[in-house]
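Lettered A, B, C and D in written order, each chain numbered from 1.
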């Protein structure tokens, strides 16, 4: 059984102009020790999914349809208190270090210990603290920096601290939201490698959210490409990279320098994604699609299967 | 840290020096005879002449200025015309009273502003928020002397609950049976109304600052982190949002200090609180120039130092700032 | 929050119940401001003098009723020897509060101290005294340079200090570079008192506690038919800072007497309380409008008379003073009956506004003043007029009426405003300008740079020597008392005569004549004499003695008795 | 006393779109703000009161706020048909005084605020644009003035210069209330200075004066107006406090003066009809300008708009 199963998930935001359909009919699953990369432009709904998995949708956001199951347990029916207990213990999150994910006026060790103490109320402060020390060693942070404040850390150290924090309660699943953005390439690479190692060691399922498909390729077993709230293509990393079906995936691959692949001129994707408000007809990528046909604009595209793991949401790909 | 404080102190000295200089110039620019402002009018002409020579008022203006600065540095502000005492002695007796009332008022209203602003932001748009915000808007635009008179009218006259003037009552202090506790209680008892007045005037602005700062903080990423960690809402509010949100309140306390001091002087005057602000108002109305001048300098000094304290507090609470 | 609540709760709990003991038979007096200094030589403010008059006694004091001088520390009337221009005074066998006797040495010392230091408060009273000598322990002889009427009335009313206490201080002061300044800055912990009370403790800004002086000479003595005490154990002066607080304290009985003028508004607060008695006494005061006779436009007596006509004193008294005062027609107030000129000037008749403008108009027309548009139309109705033109055809320029500031004396500031409006009715463009007291005196007295001003003397000596001082031409220089610059040889002669006349009856005639001249020429226009309205409780103490200057006086404090006691019954 | 919101509004420089359109757009945001609307309503009530203040003396000279007394009233009396709010101790009509006070408050508030804004804007722009020593000097001066409590400074000056008339007071308030504005304007000028359109203007040969007045000023003016509303409240409060302490201009009937009269003549316990109105008016006019300021703040600062708007 998969660790996490998401089926036909739809999420909408109430706004002044109407309901914004941020995520539309998305399904995926993650297994222990495996990782899934969610890739797409900003605003495509990938972060919304991450937040939904943590039960942290903003006040005006709501799951409108579908199910989310963690180890067979339905997450949508959880009460607030159940959610609170579930968070971090079962499913943790790695935030982008460049964001203000760490509280600037609290010492870092305290912020990590806080998570441990919240979920293990029986623990003493000292015990929690020694656990934090262990985590520091794990992620390769010097122990003498434990009592520092976040602003005293470099970007890479902050990211490591955040990873340490995510591991604090031995979660089954970690949602990593753009964990390496804004880090320089070398640090980025180090952290990715370490993440991979940790994942293996603790047998964690990871959902890796990024706008950078090449980074995702480095770490993930599976990739899901998101566009305008929909999952337009899913497959193993190999499948997607070698045999991208959806025109958007292809465009994405073209717009990023591949880490190990051949050198190609970068091609930006012209146009902008549609506004996700109101009734949307037809294929959402239509306006930017180089290969669209006449029907695309009117009929919603069909989900097409290419292998057991490889799907795409397009009528024109083959 | 030490270096920062030293440099700030140096800055304070420079500003004080400039204020002193401005006062010197003003005292000579004012119409009429500058000597008459320096010399006690009750002195005989011979004595006055003697004193003028002593003070160096018969010397060229540059030398007078140097003499004046020298006196200032030595803490020699002359003698009050009316008390006949050294001005320093008069104002130093009043300073602790002002500090007691003013600091208590500022600290209490800042704490209340922070506590209530936190609640208002947390319950944004709900009844509690509306009530608190409106109360804050209305109270902090009240006209202070009027509020003070109202407070006197209600609690002193209509209800007759609380003393409306002074700081201690002769009865308690003359009674040989009164112990230290009685005396402390007596001061607290007298402090209620002036304190309440200052409190009502000030908590509102801190509440509004705290509220908007808290609303901004609540949108910060570390709040999401805290939530993701599964912390209770209470903990998120009190341990993560509030400590960040009230930093701007500290700044606003500092910025509004000069303005609050005005209110302090008015409160002292209406409630006859024996403080430095009331002393200044009385010295001004009695033309006790040496006393007025020194009180003013002292108040400026208090504001300057309080600003320094506020900045140091800010640094203490915000680890990102280290001097 | 809890802290705040805690403080509130703590504070709401009333202070611990007080033991009855210490304040039994202790009179509590509320004062507005704290006595600035208990140094007799410096203390110029009323609050200090309230206290000091209970310590430092005079040789002679005014008695209630006719205000005649009666012996106090002195044992009898002063003996005058015209040959040698000397006065001999016998002293009572009194004691200081430390038990040592009050002797002629103390009197000599006090007089010489004032002369040596030229103490500003008293020196003018002693400048004409050539020598002071002790004749034995209980007799003093004063030799004067010239006869001066104010010697008995004022010089002999100087408070006396103890030689024993002040001699070492004086030595020290004389050794400094600024002897007088040093003397004025002396502060005594325990002033030796020859009066009914002695200082017990003083907490600046809060209270002064006096207790009965066991060595006071008056105890058991009956002076002028008045049994002197003190019959109370002590006095606490409590500083209130604001009148509202003091009035509330009086209502509650926290004080027995508020030693200050009760503002008209508060009368309603205390009216109807049978335990509070309101006393209205005259002051020896002169509130007046002064003109600058040295320069136009008020160098013309006609214009001054017209202004006098326009000013409605009755209005000022009823409205601005709320009836707590009397219209003043001559310089010496009616309360000082002996020297009061009972003669009404034309402008002091009861007139309506219209009649006043009409009469002022007539005075001005007669003196040759003109208007483009007259203040009166043909039918004799008032109308808005154009600017007043002088006989030579030039406009009377806009002028300023200086008044004290509103915080110092709202009534005079307000009077200035009203006068400004009234002058406008005949086309005199006046503007009342309140000015800080010191600045105003400097302008008026020091520089003679003014057109008109409104001032007042709240506590004039009963002896009318000041009537001369204000108008003799030799005082018209800068800094002199003749602020108007009045110059009238007839007045000068009369003033000179009056100063040398020692017979009260003759002196009175001269003073009345002088006042009459002033009434004619209007260098000053007397406006009003405020009544002193005071309030005291009668439930704890009784026996207040009303006199000019109010019930807060030495006599009252020597005669007050606890209410309800057998002694009080007997006294009734 | 009022404190200003601490958010240092950063106004995004606007393209020089037609003023009218911009105004309409702003007005829309403004009018949707409940605080702004409340402030505006209150303020118009005071505006009407100020206009009405000319009326009473025309009805009968006894309604003249300063010198008119009711011949039948000798003491302070409560509300009646003749005197809707009662009379003061001399028999002067309190309502007429209250109306006259409105006029004075507007006069003092608006003129002092206007002067201090003109001063603050010019100094801020000069300091920001010129930079260097001049900038340092001006900003140091601003710092010194900022730590001085304005009310006490004016008190001190009134001791030295004798009594102050209303215009001197206005001028003094203006002189001591510019630094806050000038600091904000300076920051704004600094950020504008580095924008391309200023460079462009400079390259095109525009003089410094032209750059300051044609290019920088239009962009800082909205901010200046915002600060003006806060200065108005400060000026009104300072004048009133001064008058209350007895250092005001006694030939002016201002609300502070009325409070001083009721306090000093001993009527504060017995005449609530006299004690309440002036203080209430001072408080409410301060509130209305303050609300207006906050609403304007939201117009100028979209961040606040989002926060307080109806999401």
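Heads up, the rule we're going with is that a residue touches a chain if its C-beta (ideal position, glycine included) is under 8 Å from a C-beta of that chain, and two chains touch if they have at least 3 such contacts.
These figures come from a predicted structure and were not determined experimentally.
Novice: Based on mean C-alpha positions, which chain is nearest the centroid of every protein C-alpha shown?
Specialist: Measuring from the global C-alpha mean, the nearest chain centre belongs to B.
Novice: Would you say B-D or A-B is joined by more C-beta pairs in contact?
Specialist: B-D
Novice: Can you check how far apart chain A and chain D are, centre to centre, with Cα atoms defining each centre and the answer in Å?
Specialist: One centre to the other, that is 53 Å.
Novice: If you average the Cα atoms of chain B and of chain D to get two centres, how far apart are those centres in Å?
Specialist: 23
Novice: Can you compute the centre-to-centre distance for chain C and chain D, using the mean CA position of each chain? Integer Å is fine.
Specialist: Using C-alpha averages as centres, the distance is 44 Å.
Novice: Counting only residues that touch at least two other chains, what does the list for chain D look like?
Specialist: Within chain D, the residues that touch at least two other chains are 158-159, 162, 245-247, 263, 268-269.
Novice: Quick check on chain C: which residues sit in contact with 2+ other chains?
Specialist: 244, 248, 405, 407-408, 436, 439
Novice: Quick check: what residues of chain B touch more than one other chain, meaning two or more?
Specialist: Counting only residues that touch two or more other chains, chain B contributes 31, 152, 157, 285, 287.
Novice: Applying the document's contact rule, which stretches of chain D touch chain B when the two form their complex?
Specialist: 1-3, 5-7, 35, 143-144, 146-153, 155-162, 233-234, 237-238, 240-241, 244-247, 256, 259, 263, 268-269, 272, 275, 278-280, 282-283, 286-287, 290-291, 304, 307
Novice: Enumerate the contact residues on chain C facing chain D in the complex.
Specialist: My answer: residues 243-244, 247-248, 262-269, 318-320, 322-323, 405-408, 410, 413-414, 417-418, 420-421, 431-436, 439-440.
Novice: Show me the residue ranges of chain B that touch chain A in the complex, using the header's touch definition.
Specialist: Listed in rising order, the residues of chain B that touch chain A are 220-222, 224-232, 235, 239-240, 243-244, 247, 317-320.
Novice: Help me check something: in the complex, which residues belonging to chain B touch chain C?
Specialist: Contacts found on chain B: 31-33, 36, 40-44, 46-47, 50-51, 54, 79, 82-85, 93-94, 108, 111-112, 115, 152, 156-157, 160-178, 182, 185-186, 188-189, 191-192, 195, 199, 270-272, 274, 278, 282, 285, 287.
Novice: Which stretch or stretches of chain C touch chain B in the complex?
Specialist: Residues in contact with chain B: 1, 3-4, 7-8, 10-16, 18-19, 21-23, 28, 33, 36-37, 39, 42, 44-45, 118, 120-121, 123, 177-181, 184-185, 187, 201, 203-207, 209, 236, 238-242, 244-245, 248, 252, 254, 405, 407-408, 436-439, 442-443, 446.
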